[in-house]
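Two complexes are shown next, each including chain A; its partner changes from chain B in the first to chain C in the second.
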Partner chain A sequence: MQITTDGSTLTLDGRFDAHVADDFRTAVEACAPQGDIDVDLASVDFIDSTALAELVRAMKHCRERGADLILTSLSNPVRVILELTRLDQALTIR
Partner chain B sequence: MNDTNLDGYRRWAAEPLTVPPRFSIVIPAYNESFRIVPTIGAIATHVSTLGEPWELIVADDGSTDDTVELVEDLQLANCQVLVAEKNGGKGSAVRRGIFASRGDIVLFADADQSTPIEHFGDLLAEIEAGHDVVVGSRAADGADVANKSKVRDLFSWGLKTVQRVAFAIPVSDTQCGFKMFTADAADLLFKRQVVDEFSFDLEILWLAQRFDLSVAEVPVSWIDAPGSTVDAVQVAREFVRDMIAIRRNARRGVYETDNHQRPTPEDPPTALLDQAA
Partner chain C sequence: MTAPTVDPTASLTAALVETNDQLLAMYELVTLSTDSLDETEVIATLLRRAAEVARVDGLVLHTEPPHRHGLDDGNELIVRVPGTESDQTVELSARRRNGEFGTGDTKLLTAVATMAVSAIRTARLHRDGIAQAVVRNDHATASILAQDALPAVAPSIDGLRLAARSIPARSAGGDLYAWHDDTNAFRLVVGDVSGKGLPAAIMMTNVVAAANARFADLNGAADPSEASTLLHQLDNWLGERLSAAARFVTLVSITIDPATGRAGVANAGHSPVFVVRRTGAVEPIPPVSPPIGVLPIDDAGALEVELAVGDRIVVGSDGLTEQESPTGEFFGDERLVSTLISTPGATSGIEAVLDAVERHGADAEQSDDRTIVIIERTERGSAC
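Our next item is the complex of A and B:
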């Protein structure tokens, strides 16, 4: 799993699971303190429950600052997992 | 995003099959409420792209959390949940799943998606090449293992050494929770199965050898999933106990006849051994 940061965009590649949850949190907190954070999930093939919780945590982190966490370019498995867990209704997806 | 692929999933999720499934996927589950829904999502998305009718069977193993309710609440048209009143061991859960399956080809896969479902096609290719049983392997050349703890490494090494000496099974990894069978092979093996705990895989592969089935091994990637419920020390004890039991069963002719029957839709699961006990 790789996480690359470009300003306010995080691009994830591979399996987003408990093993990279801490790295993801660090990357989110390192983003600019103002403004939305985009998370590009096009190359993520699996996301586990710990990672889902981490996305919710990141969403709260953003919304407490008046911004938002925006998930973009969802791969099919990630989209389905978000639907099945109904997190697609809580998270912002573009 | 590939909308065609997702269309296949949406049909599978909403419309009950009108033809027998070609594939059955069995997930044994014991207290997997934290992990099972993402695994179902990944499996359903991937297998639905293959364009073949398929079914998913979650074989609960007496979970005390809300694994059963979570899966039932998904209301997936081609996913059934087999509820067990008590914890009978992973081997019993897989057997119940196999017996409930209707597909020509059956895969059982662990609930933590530690072997990614994307390897389904690799195993299927070997079945289509004529093998009866195909084993996902973390030890075969080309396998990719990530985040495995040193305790599990040591445990695996010990198991492989003992089983190589005691059973001479020509498979380098008997325990990976990702195995595919033809329906006929699964029926033969799981009817003879006696071991219900962690080492049931060893017994199944020993039986495959005993009945001259063709077994192939396919390298897979494997990612150790945090939160594993496996206690390595306890499992090692059970493994040794079960190895002795398998040899004893063989000497006594226990495997010469079926030890379980497929339940009919009207009957609860029946184990001949349970009845005898």
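Our next item is the complex of A and C:
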């Protein structure tokens, strides 16, 4: 799993699971003061419940600051999981 | 005047006694036990015995910089050896009031300093090992206590047959089920706290406790809409706590009337959930809301299901469908459904699914907690 930060956009690549949850949290907190955070999930081929919980945590982190976490370019596996769990109703997706 | 005579036998005897004393001191030095957890005590004993062997008047070991040099009087010898850390040096200072130090002394004292470092390392490893063993023991005990929150024996219900199994990926996990049989109504929740291991398991026990508390408040005939109300109440109770812990729980709440087979199913973000008809037809029960702990959820209502005899409600956890084969292929919904269709019954269905998942995973690591609960409608009055 690779996390690339470009301004307020995080691009994730590979398997998003418990092993990278801490790195993702660090990356989110590093760019949170800049407002909305975009998370590009086009290259994520697997996401587990720990990673979903991290997305929810990041969403709350942003919304507490009057901003939002915006998920973009969902890969099919991520889209399926978000729909299966109805987290697509809670998270902002573009 | 004649010169005093020296008794060669007495001199030889004295030398032999002295040599023997030296050998004994050396023996005691090399057999010094380093089992003690107190490294200060171990080093003090080692230096005392080493001073006897080396015939020095003082031995001081400096393990921490800055090293202090120079003893009070006499001749001094300082040897340095690598310390317990890669960038650390330990110094051993020896003092002898009468007599010079030779090459042999340097070698002997270097050996003593090396023994001292080894003793310190052993004492620390021993101490760390005990501390880790205590943590491991506490972890194992807490895991057992957490898993004990899950009911061990399925109740005997006239008109329903229930079977449930949960196999955590580690010693404990976040998958859960809880139920309550109230004669006129059978109530059940099945869920999955995000994450794995003991932290998820501790939160799982909170969810089970909250569900059991709600069950105790419910009485009377089964009302399908009650399944959604219970979910909503659990969200009120647990939502903030879960949110503060950066976790959520996917949860299915089911209320069934054992007499009629009429059921209400409310699903908050959980999968897989199916109705598997005796005919082989399969109806997925999708969630009506996100998991609990994400955002406050509404009382969105329950899906009403009529169970005929032989029909089953099956609730699994993602640890079944997301179990990967050695080649990285998920077990998936299709294999789960086909296994259930080919194996009627509650207990037999569970065993078939768990066996199929295990075979699919082959030598691959169990990637997540595996849980499956099956409720089957049976003839009233039949043995459960």
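Assume the second predicted complex is superposed on the first by the 92 of 94 C-alpha atoms of A that agree within 3 Å, B and C clash if a C-alpha of one lies under 4 Å from a C-alpha of the other, contacts with A are read in each partner's own complex, and residues count from 1 in each chain.
Throughout what follows, contacts are C-beta pairs under 8 Å (C-beta built on N, C-alpha and C of every residue); 3 or more make two chains touch, one makes a residue touch a chain.
Everything numeric here is computed off the predicted structure, so don't read it as measured data.
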{"item": "Fit or clash - chain C, chain B, common chain A", "value": "clash"}
{"item": "Residue contacts on chain A - larger count, chain B or chain C", "value": "B"}
{"item": "First, second, both or neither for A:T85, with chain B first and chain C second", "value": "both"}
{"item": "Which of chain B and chain C A:K60 touches, first, second, both or neither", "value": "second"}
{"item": "Partner chain in contact with A:A18 - chain B first, chain C second, else both or neither", "value": "both"}
{"item": "Chain B versus chain C as contact partner of A:L52, first or second or both or neither", "value": "both"}
{"item": "Which superposed partner A:S75 touches (first chain B, second chain C, both, neither)", "value": "first"}
{"item": "Touched partner set for A:D36, first chain B, second chain C, both or neither", "value": "neither"}
{"item": "Region of chain C that runs into chain B when the structures are aligned on their shared chain, from 132-140, 168-176 or 294-302", "value": "168-176"}
{"item": "Chain B and chain C footprints on chain A, overlapping residues", "value": "18, 48-50, 52, 84-85"}
{"item": "In the complex, chain B residues that touch chain A", "value": "1-2, 5-6, 9, 34-35, 37-38, 40-42, 44-46, 74, 113, 116, 118, 146-147, 223, 225-227"}
{"item": "Touching residues (chain side chain C, partner chain A) in the complex", "value": "192, 194-196, 243, 246-248, 250, 268-271, 286-291, 293-295, 318, 322, 368"}
{"item": "Chain A to chain C touching residues, read off their complex", "value": "18, 48-50, 52-54, 56-57, 60, 84-87, 89-90"}
{"item": "Contact set on chain A toward chain B in their complex", "value": "15, 17-19, 45-50, 52, 73-77, 79-81, 83-85"}
